[in-house]
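Order of writing sets the chain letters: A, B, C, D and E. Residues in each chain are counted from 1.
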Amino acid sequence: MSKLLTITPSPHMHQGDSVNKIMYSVIFALLPALIWSFIVFGLSAVAVTLTAVVACIVIEWVIQKFLIKGEPTIKDGTAILTGILLAMNVPASLPIWIIFIGALVAIGVGKMSFGGLGQNVFNPALVGRVFLLISFPVQMTSWPNVSKTLVDATTQATPLAIVKEGIKNGTPISDLMAEIPKYTELLMGNMSGSVGEVSAILLLVGLVYMLLKKIITWHIPFTVLGTIFVFGGILWLVNPDQFVDPVFHLLTGGAMLGAIFMATDMVTSPMSKKGQIIFSIGIGLITVSIRTWGSYPEGISFAILIMNAFTPLINNYVKPKRFGETK
Amino acid sequence: MLKTFKIGGVHPAENKLSAHKAVEQLPLPKTATIMVAQHIGAPSKVIVQRGDEVKVGQIIAQSAGFVSTNIHSSVSGKVMKIDTVVDSSGYKKNAIVINVVGDEWDESIDRSTELVTDTDLDAKAITDKILAAGIVGLGGATFPTHVKLSPPPGMKAEVLLINGVECEPYLTADHRLMLEKGDELMVGTKILMKALNVNRAAIGIENNKPDAIKHLKELAKKYEGIEICPLKVQYPQGGEKQLIKAVIGREVPSGALPIAVGAVVNNVGTALATYEAIIKNKPLIERIVTVTGKSVANPSNFMVRIGTPTSQLIEAAGGLPDDTAKIISGGPMMGKAVSNIEVPVTKGTSGILIIKEEEGHRKPMQNCIRCGRCVSVCPMGLEPFLLMTLSEKNTWDKSEEERVMDCIECGSCSYTCPANRPLLDHIRYGKMTVGGIIRTRK
Amino acid sequence: MNQWKNFTKGFIKENPVFVLLLGMCPTLGTTGSAINGLSMGLATTFVLVMSNIVISLIKNLIPDKVRIPAFIVVIATFVTIVQMVMQAYLPALFESLGLFIPLIVVNCIVLGRAEAFASKNSVGSSAIDGIGIGLGFAFALTILGGVRELLGSGKIFNITIYPEQYGMLVFILAPGAFIALGYIIAIINRLNKQKA
Amino acid sequence: MSASLIYTIITISSIGITAAVILYFTARKFYVYEDPRIDDVEEALPAANCGGCGFAGCRAFAEAIVKDNSLDNKFCPVGGNDTMKSVANIMGLVAEQKAPRTAVVRCNGTCEHRPKTNQFEGATTCAIMSMSYGGDTACSYGCLGCGDCTTVCDFDAIHMNPETGLPEVDDDKCVACGACVDACPKSLIELRKQMPKHRKIYISCRNEDKGGPAKKACSVACIGCGKCEKECKFEAITIANNLAFIDSDKCKLCRKCAPVCPTNAIQELNFPPRKVKPVVEETTKEA
Amino acid sequence: MAKLESSFKNMVIALFGVTLIASAALGLVNDATIEPIAKAEMEKQTNAIAAVLTEFDSLGIAYKFLPSEGKDSIQIFPALNAEGEIISNAIKSYTYKGFSGYIEVMVGISNDGIISGYQVLKHAETPGLGSKMGLWFSNAEKPNQNVIGKSMSAGSLSVSKDGGSIDAITAATISSRAFLDAVNRAYSTINESGISTQKE
C-alpha cells in the first residue's frame, strides 16, 4: 500500500458540528430581528451594523496578524457575531466613529486581551457596549423615535427610561403606562430602543430556532426571563404603584436580547446545567434590581457582565452530578 | 419508555452495514500469530518451544497469576518462532507464530453442533473450566472471566447481566451471535448463573435490533430466570456501569466494581464461549469478527481463528479499498486504529472497521469555546474540558480529585466537541498517570 | 552600588507602578489628569526622600522589634506635614488630591523602601534611592494621568488636543484607570522582554 | 508653646510607649526560632526553582540541607560545584564535587534515516503519542518529535530542529536539571559528563531490536554488533539488549569507536574535523 | 554602630523618642499652617460667593435658615452695598432629587429676584450627563438654557418638558429638574426668611 495508515486514539467518529457552524447558526437566528430593525430604523441601523461587523473583523484580523502574530481565525464567525451583537445593543443613530471605538474595545479589550476565542471572561459585545455607555452617555441614550425614523431622527426616551424618571418624580405607574406603547406593540417591536431591542417576538423566533438546532438549551434564556418575571412580579404585588408589572419588564429594554443572545454566549456562561441556572437567576435578580433601584434605566448588560465574572467561580464549585455519587 | 442510563450519552449514526449478513467461517490462515498478552492482567507464560507440533485447542501459554488466563493454539501445525512482533500500537510484543498444517483438533473437543442444555458441574468446577479454556470478556475489555465469576469475600452477586447492547456503530458481531446462536447463548447464560449462584439474569439489547430481541424473547420462555431487556439506543449503553444503571437502576460507586451493587456483567460472546467450554470442552480459539466500513465492498461477519492476520479478513470482505485512511480494530468510538495491516486477530477483536479518506482525519483543533457539550454528554458526569486542561498542566492531584479515574473512555466528549479538541487523548493520559500515582501510593 | 544605577532603576526596571505594582490606590485614584498624577507623585517623592533620609539616620537607634511602628511614625509625620502645607498654600490641589494625601502613609512604596533599602543603607544612598523611586512613581502617575486625560477629555496638562466631546469618559472614571494601567503595563512588559 | 502642641506631644508619645510595651511582650510570648542558615543557604542557591535537585524548590532544598545538616545526595545541578561550595561554607560542611553534566538526545532518526510508516493525528504530545502508539515510524524506541522536552525546559536550552524533527540541546544553557530526561517517554535524553569544549561522543540510538529490524526501521540505528566495544581501549563501551552504550565517565574522547560503526550510530559533536582515511569519509557521506 | 538590641528599655526609649520628635515636629508645623489654612478655606467660600454675585461692596454676616420645605437649614450670605444695605444674597442651597441624590449649589439672587450666578459645589451626577450642569445653565449663547439673568419673581423655574422655560440637559432631565429645584429652594428660602427686605 502506498499511502500511510493514519493512527489516532479513539474515538474515530465525530458529530460534525464545528465552532464555525455554531457561530453562523447563531448569526442566522439573529437575522429576523436584525432585518426588522433595519426596516424600523432605516439606513442608519444598516450603517451601524455594517460598521460594527466590518470593524470587528478587521480589528481581530489586525490583532492576530500583527500583534499576536498567529494564524487569523476570523473565518470562525465569532467576530461577525460580536459585531452584530454590538450593533444590536446601541441606538441606531449612533455616530459611526463611536461604534468603531465600540468594536475596538469589544474585540481588542473584551476578547483579544484575554487570549482570543474561548479565553475571554466577559462577553465582548457587552464589554464594548458598556464601555460606550459609560464613555458616551449622551449619544448612547439618545434613541431615535421609531415612528418618525423616515423623517429626521428625533430622540425619544425608551419605555424603561420613561418609567424610571416617572417613578423618580413620584408619578403613579398608571399615568406612566399611558405614555408608553401598548404591550402588543412592544412585543411586535414598536418602541424606541437599541437596534436589536425593538422586536421581542422576532428575538423569540431566533430562540426557537436555536433551541431546535440544539445550539443552546432552555436553561439560560428561560431562567433569566423567568427570574425577571418572578422577581418583578413579587415587587409588583408588594406595591403596584411603585413597581411596574412583570410583563413590562420582560418586553422592554434588552431583556429578550440579553437573555436569548448575550447570556447564552457559550464562552462566558457556566458549563454545567446547574451552574447555568445559578448564573441565570443572578442575571435576572441583578437586572430587576438595577432597573428598580439603580441609576440606569436598563441593567441587563451590567447584570450579564457581573455574572460573567462569577462564571469561573460557578464552574469551579458547581459540578455536574457524578455517576455513582451517593447523596 | 425504554430503559436507559440517566446522565449524558450521545447518538452516533449507527451504520450497521452488516446486520443482515450471516456469520461465515473464514478459511484458515497460512500462519497464525498468537499474541501472548491478549487479556488484561499478567501476560501468560509460554509453554511450547520452537519446532513443537501443536493441535487446535492445545494449551500453548499458561495463566501467570490470578488476573491472567490460558492461551490455546487456534490452529494445528508447527511453532515457527516465539518472538516479538509488532502489534496494533506499533510496539513489539511477544507472540507465538504457528505455521498452519491441516486442521487437526485436540481429541477432547466435541465438535458436534448438537445442543446440550445442562451441565452437572458445580460452580467451582465451572469457574475452573472457564479459566482452563482461557475465556476473557469478549466485548473488547478482555478481562479474564473467571475473575469476574469469583466475587471477593463478603460480596455476593445478585444478578447476572448479559451485554448484548452492541452500542458501537458499525459492529454487528454480537447481533448476529444472538440471532444465530440464541440457544447456546441461553445455555451459556444459565451456566454463568450457576457459577455465580444467582437465579436472575437479564440480557440487555439496544432497541435497534428488534429481530434479536424478538428471537431471544421467544427463547427466554424456555429458560427460567432469564429476561430480555430492550434498551434505548444511546451510546454508551453497553458500558458496564451504564448497563447496570439502565437495567437494574443501581449506580456503581466511583472506583468500585459492579459486584459492589450485586451485579456481574458479561458479554454475549463470553456467554457463548462459556457454553462451548463447559459443554463442548472447546477453549476460546475463535470468535466472530465484523469486517465493515462504508467503502468495504462486502461488509461481513466472520467466524475467525485467533491469530489470523487482519489483511486476510479484509481480503475476504472484498479487499482493502484504495481510499482507506484508517483501519480500526473494534468499533469507531472505542476501537484502536491499527498501525499495520498484518496485526493478528486477538480475543478482544470485535470488528475490523475501514474508514475512508474523507472521514478518516481529525479536523484542526480550535480553541475551547466552553460550550459545555462534553460535560452534558459525559455518561460519568465528569467535566472532560477540565480534565484535559488539568492533564495538559500536569496537575495530577487535582485531576484525581475531579475523578479522572472514573472515565470509561467512551469518547463521547471528543465525539461531540465542536472545536475538535482531543479531550479523550489527554484524559486517557491523565488516567494512566494518576493510576500510576495511586498504585505507588499503596 | 553605582549611584547612577541606584537613581535610574526606579524609572523602568524597578518602576514601582509598572513593574512592582505597588501603591495602586493613589495610582488609580489620583490619575484623572496628568497634573494630578504629577502632583501626587511629587508629594510622595517628598515623603519618600525625607523618610528615607530620617530612617537611614536613625536605623541603628531603633531596635528590630519596634522598627515598623517607628518607621510608620516617621512616614506619617512627613505625610501630615505635606498635607498641612498643601492645604495652606495649594488649596485647589488639596481639594482634588485631599483624600489621597493621608493614604501616602500606607503607600507600600514608602514603607517598602524604608524597610528594604533605607534601613540597610547609608543616608546618601537612601536619599538617592528615594528620589529615584519617587520620581519613577511620579513619572508613572504622570504618564497614566496623561493617557487618561488625553483619552477621556482630549486634553493633556489642560491643553486641549482635540474637542472634548470626542473624549471617552470612561477613562476619567475608575474603570478607565484600570484599563489604561493594564495596557501600559502590557506595553512596558513587552518592551522589557524585547530588551532582555 | 501652644496647648495643642503639648496635647499632640503627650498623646502621640504615650501611644508610642504603649505600643513599645505591647510589642515587647508580644515578641517574648510568640518567639519562634528559625535557623538563619536556611535563609543564607536559600540565598546561595540559584533561585531557579526547577526541582532538578529533587526537592519542590530552592527553599525546600535549603530547608532539607539545614535540617539534615548534611550534603549527602544533595546537589544543585543548576548552580553546580560553585553553588554547592558556598552552601557547604555556610553549613561548615564539605561539598561533594560532581562533574558538570549536560543533556544529549540519543536519537538520530531524522526523516531520511527513519521513514514514516504511519501518520499520527492525535493530540501532539510525546506522552500521549507514546501511550497509544510506538510512534509513526517503524522504530518504537525513537524520538516522537512532539517536543515534550522543550516545553518542560525552564532554561530555554532545548529546541526542536524543524529540519530533522529532533530536539537539540544548547550546551551553554543546559544546566542538567533533568527535567527533559523525565519528560521524554522514550528515555532518549541522557545526562552525560561535560567534556572540554563540550565535546561529546555517544551512541545516538536507543533501539533494542535485533540488527535486522533495527536497521530496517532506521538507517542509523545501533544494531548491537559490538564492533565499537572491541575497539574501545578504556572499557567505556558496553553492549546490552542489542544496544551499545558509552559510559561518559570512562570515555577518553579518543574517537576510535566512531569510524568502526557500520551504521554511523555513534555521534561526535564539537570535535575538530577528522584527518583520516578517505574510506571513512565515504561511508559517512553515504549515510 | 551596631544595631540596638530589642530589649525592653531600648524598645520603649526608641519608640518614645521617635514619637516625641515626630509629634513636636507636627505640632510646630500645625502652628505654622493653622492661619494659612483658615485663610484658604475662607477664600474658597468668598470666591464662590463672589462668583455668583455681581456687584457688592462687602459681605454681611452669614446666617442659617431652616426653610419650611426641606430638612436641612440653608446658609445665606447677604451682600451689602456701600451704604450697608443688602442688595443681594448668596444662598447655599441643596436638593435631594438629583439622579444620584444630593446636589449642593451656591446661587446668587438679587433683591428683585434676578439670578446673578450660580456655582455647583457638590454633586455625584453621571459624568458627561448631569455633571454638565455647571456650564449648561450659564451658557450665554443659548438663552433657552441659561438661567442667569432670569427673574424668579414670576414663579419657580422648570424644564421645558414640564412646561417651563428652561431646556433640560440632553439626556439628563432628572439632573436638570433637580438643579432647578435647588435654585427654586434658594429663592423661596430667601423669601421666607424675609431678611432681604430688612435694612440693617
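Operating definition for what follows: a residue touches a chain if its C-beta (ideal position, glycine included) is under 8 Å from a C-beta of that chain, and two chains touch if they have at least 3 such contacts.
All figures in this text were calculated on a predicted structure; none of them were measured in a lab.
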Any chain in contact with subunit B as well as subunit D: A
Winner on C-beta contact pairs when A-E is weighed against A-B: A-B
Chain closest to the middle, measuring from C-alpha centroids that were averaged per chain: A
Most remote chain, CA-based centroid, reference being subunit D: E
Distance between the centres, which are taken as Cα means, of subunit D and subunit C, whole angstrom: 44
Where subunit B and subunit E are represented by their mean Cα positions, the distance between them in whole Å: 86
Inter-centroid spacing, subunit D versus subunit A (mean Cα positions, whole Å): 52
Separation of mean Cα positions, subunit E and subunit D [Å, integer]: 73
Numbers and ranges of subunit E residues touching at least 2 other chains: 6, 11, 14-15, 18-19, 22-23, 26, 30, 127-128
Contacts with 2+ other chains: residues of subunit D: 12, 16, 19-20, 23-24, 27, 117-118, 121-123, 128, 132-133, 136
Residues within subunit A bordering two or more other chains: 5-9, 135-137
Contacting chain pairs - touch in the sense defined above: A-B, A-C, A-D, A-E, B-D, C-D, C-E, D-E
In the complex with subunit D, residue positions of subunit E that touch it: 6, 8, 11-12, 14-16, 18-20, 22-24, 26-28, 30-31
Subunit D residues within the subunit C interface of the complex: 12, 16, 19-20, 23-24, 27
Of subunit B, residues touching subunit D in the complex: 84, 86, 89-92, 336, 339-340, 361-362, 422, 425-426, 428-429, 432
Residue numbers on subunit A that touch subunit E, as the complex places them: 135-138, 141-142, 155, 165, 168-169, 295
Residue ranges of subunit C touching subunit A (in the complex, touch as defined): 166-171, 173, 175, 179, 182
